Structure formats: C-alpha cells, structure tokens
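Have a look at these structures, which come just after this line.
Both complexes shown next keep chain A, but they swap its partner, so chain B is in the first and chain C is in the second.
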Partner chain A sequence: MTRVVVTGVGTVNPLARSAPAFAEALRAGSCAIAPLTVFDTTGFRSRIGAEVPDATPPATLPGPLRRRISRADVFALRAAIEALADADLGRTVAPERLGIVLGGTTGGMLRAEACLRERMTGARRRYRHSALVATPVSASADLLATVLGLAGPRLTLSTACSSSANALGVALDWIRLGYADAVVAGGTESLCATVFAGFNSLHALSRTPCRPFDRRRDGLSLGEGAAIVVLESAERAARRGARSHAEVRAYGTSADAHHLTAPHPDGAGAVLAMRRALAQARLEPEDVDYINAHGTGTPLNDAVESVAITAVFGAAARRLAVSSTKAAVGHTLGAAGAIEAVATIVALRDGFVPSTVTLEEPDEACGLDLVRGQGRPARLRWALSNSYGFGGNNTTLVLGRA
Partner chain B sequence: MPERASVVVTGIGVVSPLGSMPAFWERLTRGADGLGPLEGCDAGPAPPRLGAHVREWDPRAHVPAALLRRMDRLSRMIVSACRMAVADAALDLAGGGAAEIGIVVGTAYGNVSESEQIIRGLVTKGRANPLTFPNTVLNAHAGYAAMDLGLKGPNLTVARGEASGEGAVALAHDMIAAGQADVLLTGGGDEIAPILFHVFKDLGLLSPAGGRGGREWSSPFDRDRNGFVMGEGAAILVLERREHARVRGARVYAELAGYATQSVPASPHDWPAPGAAAPDELVRQLAALGWHAGRGTDLVISGANSTPRLDAFEAAHLAALLAPAAGRTLVTSIKGSVGEFGAAGALAAAAGALAIHTGEPPRLGALRAPDPTCDLRLATPDCIAPAGGFDHALVSITPRGGGCLTLLLRCP
Partner chain C sequence: MDRAALKLKLKELLVTGLRLQDVDPADIADDQPIFVEGLGLDSIDALELVVLIEEHFGVAVPDEEVGKQAFASIDALAAFVSAEQARSG
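Here is the complex of A and B:
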C-alpha cells in the first residue's frame, strides 16, 4: 500500500486566515460563532453563525475574474495558494500530473440569490450573467485549475456535508492509482441565505453557539471557509526533501439507505464507514487515539454518532479522545470535511487534541472521553475524522502522524 | 504504472427526450430528435422556445409511491433510471446483495427548479419551505436511490459542468479500480429549469443565438448551427468488475477500459478557443490504455452541442486526436437528438456501450450541410454502420473551463 502524505496545508476559515494561525487558535480554544452580517437574518429563529471576516480575492487575480468569482471561489483560491506555497512543489511535478478535487455544496449561491432578488423586485430586467457564471459548485475547481495551472485530473464532489472528506478520499485513490503525482484536495463553502433559511425551517439552528455533545445541545451553527491540502506519495515527498505534516492512510464511505436528512437510529451507516476505513487502513480500533467527530450539535446527530463510535470501538471507545471542532468554526457544510481534516492533521503534527470549545456539561449518555476547555497535549498516532451528510452518506478518513 | 481494473457495463437505464430503452436507442441510431415546445420556462412567443423534455416516462411505474411522494423531479428521473438499469443487468439486490453496491451520479445543477422556488419564497415571504429544502441538496437523488434500492456502498455525487455525466462514470471506474466497490450504478441527470433557460438565453448560447436569425434547431457540426437547445434526462449504467460479472453470468455490453483527461487553456467560465492546445496528453493516456488512432474500427461520440464555438473546438480537437485516421473514424454527437444538459454525457456513455454492443452508431439526424472546416467523417443521417461493428467507442467531452475528458469503451 503506497503511503500518501500531506505536504501542504492551507485554510481560510472563521477562526484563522492561514493554517498556522488555525493551529494556534485551535490550541487556544477560540470560538468564531457570532451574529451574522453577510446577509440579513431578520425574522429567523437563529441569527448567528461563523463568518470569514475578509473575502477579498488575491491581488494577483486578473480584474475580470475578480468581478466574476464567488465568495466560495475566493476562499478556495486563497487556501490553495497557501497550501501550494507550503508544499513548495517547484518544478518537481509536471502540470498535467497535478490534479485537483474539491468538495462543496452551494458554490456561488450567495450571488445567485442577489441576482434573482434584483430580477424579482424589478431592479433589473435581465440576470447579471457575469455574476452567475460562477454559481455552479464545480466553478471553484475550474478556477483553481486554470489560474494555478493544475492541469491533471479535475473533479468536484457534492455529497452535502461529507463532500470534502470524500474529495480527500478520491485524491488518495488518484495518487495510489498513479493518475497524478500530487493532488490539490479540499473543500470550500460560503454562507448563503437559502441554506440558512432552510436549516432554520428545519429547526436545526441553535440560537446560541452550537454545543456538540453537551447535555443541553439544541442545534447547529452554520459556518464557511475553505481548507486545501496537497497530497503526494511519501516516497516522492522524501525524494524531494519535503516536510510531511501527516499521513492520509485510508477512507471508508457508506450510505444509510434510510432517510434523506435523519441518520439511521443505530448509526448503521456511520458504523459501516468507520469499519470500512479501519479495514482499508489495516488498523484495529485500539490503534486509534482521537476522533474528530462530525458532531454538529443537533440532539440526534451527536447521540447517534456516539452510539456508532461505541459500536465500532467497544471497550476502546472510553480511552480515545473525541471532540468536534464545529464548536469553533461552525458547520461549514461542503468544506467541513477538509477543515476538520486539517484540524486533525495539525493535531497529529503538533501533538495536541483540539477541544469542543463550547462544551460545558458533557452528555453522559454519549459515554465518550469528550475533550473540552483548551484542549490537551497528546502524542497521537492515528486519528479518524467523521463526516456525515444529507442523503444519508457517511465518510471516515484515517489520518496518521507522519 | 496505474493498476488496470477490468470494468464492464452490464446494465443500462435511460429516461430521455427519446424515451427509455429500447426506444431511446432505436431513435438515436435513426437520428430522430426529442425536441418540442419548451414548457414551464415562460419562453414567450419569439425564439428560443424549443426544449428537449423527457417523454414516455411514468415514475410511478418504477418507484414505490411512498418514496415517490417525497422526491423532487430530478430524483424521480434518476431513481427511475437506476431501477431500469438494475433490472436490465439482472442484479439481485435481495438478501443483503445491495449492501456492498454503491452509486456515483453526475449532475451539473441538480434540483435547480426547487432551489429557485426556495429563493423566491425567501424574497417574497422571508422563509424557506422545510418540506422541499432537503431535496435541494445536490446529492438528494443518490440518497433516494440508496433508500429505494438499499444501496449501502459508496454514495457519491459529482459536478463537472457539461462533463458531469462522463465525470461520474470516470470516478466510478476509479472506485472499482481502487477496490472501493465491485458493483456501482453510475451516470447522471439534469433537468430543464426556468432560471437555466433565462441565463443561457441572456448569455446568447441558445439557438438561434442572440436573435441573429436562422431557424431554431440543434445540429452539431453543421455549417448553419447557431446555438444549443436545452435538454434534460438521466442515464444510469451498471458498472461491474469483470470477474464479478463473469461469476454471475451477466450479459456484458462493453468494457470500460478507462479514461483520459487533459486541461486545455480556457477561461474558467467558457469553452476553449478552437485549437487552444494539441490533445497530446489525451493521446498519451489513451495509448497507455491500449488505444491508438486507426488501429481498429472506432466511433467517437463528441460532446459537440451545436454552438459555433464548442463544435469548432471539438472538430479541431478530434481531428488531432484521431490523426492519421481522422478521415476514417466515424464521429457523432447525441445533442442534436437530446439537447444539451450537464449530465448529457451519461446518455453518451450509454450510447457508447450500446454502439459497441449493437454495431450501430447514433446518427446526426439534423445534419444538412457539414461545416466545411470540420475535417471529420461525420455520422450523417444515411451513414452505413461498419460491417464488423466497432472495436472502440470514445466519449469525448470538453466542458466550460477546459477540463477535457475522454471515456474509452471497447468490445468486451
């Protein structure tokens, strides 16, 4: 089995505008959930979320593109520029051997909403198509491929909240299958009114910053941002003297085949994803030290995920650390898998367990070692990152210390 | 070198403007089209006012009523196609057989009509409909397919613009090659929706483009082509590891040998200019899969969509890809028959497998005067199928953004 490592990381998220700053904020136990300003939340049950404070496109981008690209495109581009600079591939990889696979769910929806509003209210007679060309969720990968010269295989996955976890999994397969020498993989998501109103209508949003695994948890907080990693084989990384942040060992993916939005009550799909991931990684449950949980903060998700973890890990469940970094950056939907993978990667690299920063009264019914407060120093060997999405799909990544 | 998984196509299900199987294939090879008056888009009296809507399709014949009630229209199309493909492949999903089977679907825009309604509700009433919101997630159809058929394997949805169908089939091939599954349903679907119509119209992409006259039609590679006609539909293929198919004695339409990709310089939001790059990388990757121009009797199903720009690109691109056999290799497109939509490539992939299986090509039924700059042997309405059938079918797509992809199907 070819070892695949992360040689570059980049992120733009509500907590930080770079990967080093993100690692620092995770250690410090910061929370970025606050009143939203990116759209009007008047009349909604909840009025908070986690926003990226600055969505300015990189100064190097040509003018016409600066006007066309979406907020999600900006996050992806900035995170990818950081990740590629960090990987410092130089001329070691031919452009056609450099792939890109991203995950996302709503693409340029925020601008599409504004365009539709203008036309409906009569402010304009036609759509501003220059503002709509970047609406499809696939636009970010096309932008990054063309602007950054990533001329290898290109793909966008949209599996709701597991999108970018799957993107990392596909990138891993591509390296192992020899389709690319290096792959830029990750996810991006921008807040938009449609999704906020949708979750609000489902009574899934909390009025206070989400509290995953807390006894009093009552819903999630939405967020936005991007995270990008550069993957390549450990052999290639060693040959060119690159630093490895962590290993991407395996992924497991499954469907609940149960309900479009509610998880299976026994967590059957989540169990299947974790078991498939461990089997592909050739690891035993005892080998795992930390799980970065999906942990949205809805009563049902966290209960079912706890049941699933207990089912997979049995007695070992009590000695592995569990946390949800959604308490810090919100639920970033299509970017969540990648942002949480980066949180896990820096935890493995720097030797600490990020906490669930808003957790005050751990839900005893979960039966897990729930990390709270400022996080804790720990030398981790293997970690899982869980991501579950609408449509009933579940993905677990297995990440390891380099 | 990459591992090579031998992957075969053992089932096909189609919901399209030409109907379902077997009518879809009979009409496509005859060069018939599914174009008619555009419905539900407030098109107005002046062109463009044509669309290629799905027809001869009753989802109640395929999907149980309890699930059907909750599903959006695109999900109904895709799940119907899944049901047809599973039946066609004689896959036994009972007794836990579905637990290891997955699905990989491509869609460019997903359930865009209900997404638009939600935004309208937001603007007018300040709230979203909790009953329709879950259906607007881009992968709703794959979730419904899993629920309907009990599929607990990988459940992935791919968006890749006009290459969404081909992109899904390519990823499904990867998943089987990587050992993530032995059997996958794959393909895709997209639907006609008002917002897409108005945006494409305002962009001047629809026939007759920008009101510059000429008749409203869809005729890829024609000298007088003047824009695309919006279409919709879904196609699902059953892809299976060859050994798995052999053990269960499945009928095999074609082998999916693999795919090749190349990024051609383009704006991220437009098709590349004709001749933007030689297809060197595609040639190299196809050669690694064992394909060489002129070494057999081949068919190319191009993504040419009757727009002046894309068809000119495809003509030059394919002439270079097929050299020195460009004059001998039959080239066609299905978009004169089914219109243009994100996942049309799922139908093209199905057509590629059927062409290998039957030896017949889809014909360019609308073609009157081939573009004189197009140096290809086109599948004219009266063209004769090769006596010995096809050795290979290449499904070639160039989406906006320049991420070219070519699927390679071959005789099993």
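Here is the complex of A and C:
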C-alpha cells in the first residue's frame, strides 16, 4: 500500500488566517463564535456563528476576478496559496500531474442572495451576470485550477457535511492509483442566509456557542472557511526532501439510508464508515489514540456518534481521546472535513489533543474521554476524523503521525 | 445632455455598475481602452455593460461587432450612445 503524506497545509477560518496561527489558536483554546455580521439575522432564533473576519482576495489576482469571485472562492484560494507555498513543489510536478479535489455545499450562494435581493426590491431591473458566475459549487475548484495552474484531474464533491473529508479520501485514491503525482485537496464554505435560515427553521441552531458533548447542548453553530492540503506519496516527498506534516492512511465512507436529517439511531452508518476506514488502514481499534469527532453539538448527533464510537471501539473507547473542534470554529459544512483534518494533522504533528473549548459539563451518557479546557499534550500515533452529513453521508479519515 | 456630462455619467456607471472598487471615475481618461489593458475589464464585464447601457440610456447593443467598437473607450461609448439616442429620439 503506497504511503501518502501531507506536504502542504493551508487554512483560512474563523480562528486563524494561516495553518500555523490555527495550530496556535487550537492550543490556546480560543472560540470564534460570535454575533454574525455577514448577513442580517433579524428575526432568526439564533443570531450567532463563526465568521472569517477578513475575506479580502489575494492582491495578485487580476481585477475582474478579484471583483467577481465568491467569498468561498477567496477562502479556498488563500488556503491553497498557503498550502502550495508550504509544499514547495517547485518544478518537481508537471501541471498535468497536479490534481485538485474540493468539497463544498453552497459555493457563491451569499452573492447570489444579494443579487436576488437587488432584483426583488427593484434596486436593479436585471440580474447582474458578474454576481452569478461564481455561484456554482464547482466554481472554486475551477478558479484554483486556472489561477494556480493545476491541469491534472479535477473534481468537486458535494456530500453535505462530509464533502471535504471525501475530498481528502478521493485525493488519496488518486495518488495510489497513479492518476496524479500531487493533489490539492480540501474544502471551502461561506456562510449564507439561505443555509442559516434552513438550520434555524429546523431548530438546529443554538442561541449560545455550540457545546458538543455537553449535558446541556442544544444545537450547533454555523461557521465558514477553507482548509487545503497537498498530498503526495511518501516516496516522492522523501526523494525531493519535503517535510511531511502527517500521513493520510485511509478513509471509509457509508450511507445511513435512513433519514434526511436524523442520524440512524444505532449509528449504523457511522459504525460502518469507521470500520471500513480501520480495515483499509489495516489498523485495530486499539491503535487509535484520538478521534476528532463530527460533534456538532445537537442532542442527537453527539449521542449517536458516541454510541457508534463505543460500538466500534468497545473497551478501547474509554482510553482514546475525543474532542470536537466545532466548538472553536463552528460547523463549516462543506469545509468541515478539511478544517478538522487539518486540526487533526497539527495535533499529530505537534503532539497535543485540541479540546472541545466550550465543553463544561461532559455528558456522562456519552461514555467517552472527552477533552476540554486547554487540551492536553499527547504523543499521538493514529487518529480518526469523523464527518457525518445530512442525508446520511458518513466519512471517516484515518490520519497518522508522519 | 452635453457630451462632457454624458462622458462623466458613463464613467460613473462603469465604476458603480461594475463595482470597480479601486477606480475613481475622474481618473478614467476619455480615450483609455476599457477592456483588457486600460481598465482591465473582461468579457463578463462586457455582458454586464450591455445591460447597464440599455437600462440607463435605453440604447441596445445588438451584436459583438457593434459592442467592440462602442466599448473601445469612453469617447467611443459616448459617441455611440448619443448617435443611438438621436436616431431613436
């Protein structure tokens, strides 16, 4: 089995504008959930979320693109520029051997909403073309490929909240199958009123910053941002003397085949995804030291995820550390899998377990070693990152110390 | 509207309509190319400009050939708009 490693990392998220700053903020136990400003939240049950404070496009981008790209595009582009600079591929990979696979769910919806509003209020009699070209969820991968010269395989995945976890999994497959020598993989998401209204009407949003695995948890907090990694084979990385942040070992994916929004009561799909991931990784449950949980903070998700972890790990479930970094950056939907993979990668690399920063009263019914407060130093060998999406889209990544 | 006022109005329309954040209408020269070099607009901006000109001046740009000449510069655009308005008015 070809070993695949992460040689570049980049992120723009509510906590930090770079991967090193993100690692620092995770260690510091910061939380970025606050009143939202990116759209008007008047009349909603909840009015908070985690925003990226600065969505300025890179100054090097040509004028028309700078004016036209979506907020999600800006996050993806800035994270990809950071990840590629970090990987420092130079001329070691031909453009047609450099692939890209991104996850996302709403693309340029925020801009499209503004455009629709202008039309509905009579401020404009016609739709603005330029406001709509960045609407499709596939626009970010197209933009990155064009601007960064990625001529290899290109794919956009949209599987709700597991989109970008799947993106890393597909990138892993591409390297192993020889479709590409290096792959830019990750996800991006921008907050928008449409999705906020949807979660609000489901009563899925908490009025206070989300508290995953807390006894009093009552809903999630939405967030936004992007995370991008550069993957290549360990052999290629070693040959060119590149530093590896971590190994991407395996992924498992499954469907609940159950309900539009509720997880399967026994966590059947989540169990299947974790078991498939461990089987592909050729690891036993005892080998895993840490799980970066999906941990949204809704009563149902965290209960069912705990049941699933206990089912997969049995007695070992008590001795592995579990946390949800959604308490710090919110639920970033299409970007969540990638942002949480990066959180897990820096945890493996730097030897610490990030905490669930808002967790005060751990829910004993979960039966897990829930990490809270300042996090804890720990030499980790293998970790899982779980992502479960609406519609029953489950993906588990297996990540390892390089 | 006299030609100088028309040109100023067109410059303002370019800046606000196309959201040219870093451009002051007063800094656009009358004979400066609008597309590619010059103001650096592209084909999507051109589509949008067609709509803006129609909305604000009631003047249609029927095809690409006419558009290419009319959108060469502010001078050309002002000449096109006045000629079309005179023709239909």
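The rule is simple: the second predicted complex is superposed on the first by the 402 of 402 C-alpha atoms of A that agree within 3 Å, B and C clash if a C-alpha of one lies under 4 Å from a C-alpha of the other, contacts with A are read in each partner's own complex, and residues count from 1 in each chain.
The rule is short, and it goes like this: a contact is a pair of C-beta atoms (placed from the backbone, for glycine too) under 8 Å apart; a residue touches a chain by one contact, two chains touch by 3 or more.
Remember, it's a predicted structure, so these values are computed and weren't measured experimentally.
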Fit-or-clash call for chain B and chain C when the two complexes are aligned on chain A: fit
Which superposed partner A:202 touches (first chain B, second chain C, both, neither): first
Contacts of A:150 with chain B and chain C, given as first, second, both or neither: first
Angle at chain A between chain B and chain C, C-alpha centres, nearest 10 degrees: 60
Touching partner for A:253 - first (chain B), second (chain C), both, neither: first
Which superposed partner A:63 touches (first chain B, second chain C, both, neither): second
Which of chain B and chain C A:37 touches, first, second, both or neither: neither
Partner, of chain C and chain B, that touches more residues belonging to chain A: B
First, second, both or neither for A:2, with chain B first and chain C second: neither
Chain B versus chain C as contact partner of A:129, first or second or both or neither: both
Minimum Cα separation, chain C to chain B, after superposition on A (Å): 6
Residues on chain A lying within both footprints (that of chain B and that of chain C): 68, 126, 129, 133
Complex contacts: residues of chain B adjacent to chain A: 1-3, 70, 98, 102-103, 108-110, 115-116, 118-120, 122-124, 126-130, 133-140, 142-144, 146-147, 149-161, 164, 167, 171, 174-175, 177-178, 180, 195, 198-199, 202-203, 261-263, 265-269, 281, 400-403
Chain A residues touching chain B - in the complex, by the definition given at the top: 42-43, 65, 68, 95-96, 105, 112-113, 116-117, 120-121, 126-127, 129, 132-134, 136-139, 141-143, 145-147, 150-160, 166, 170, 173-174, 176-179, 193-194, 197-202, 253-261, 269, 272, 389-393
Residues of chain C that touch chain A when the two form their complex: 18-21, 39-42, 44-45, 47-48, 51, 55
Contact footprint of chain C on chain A as seen in their complex: 62-64, 67-68, 124-126, 128-130, 133
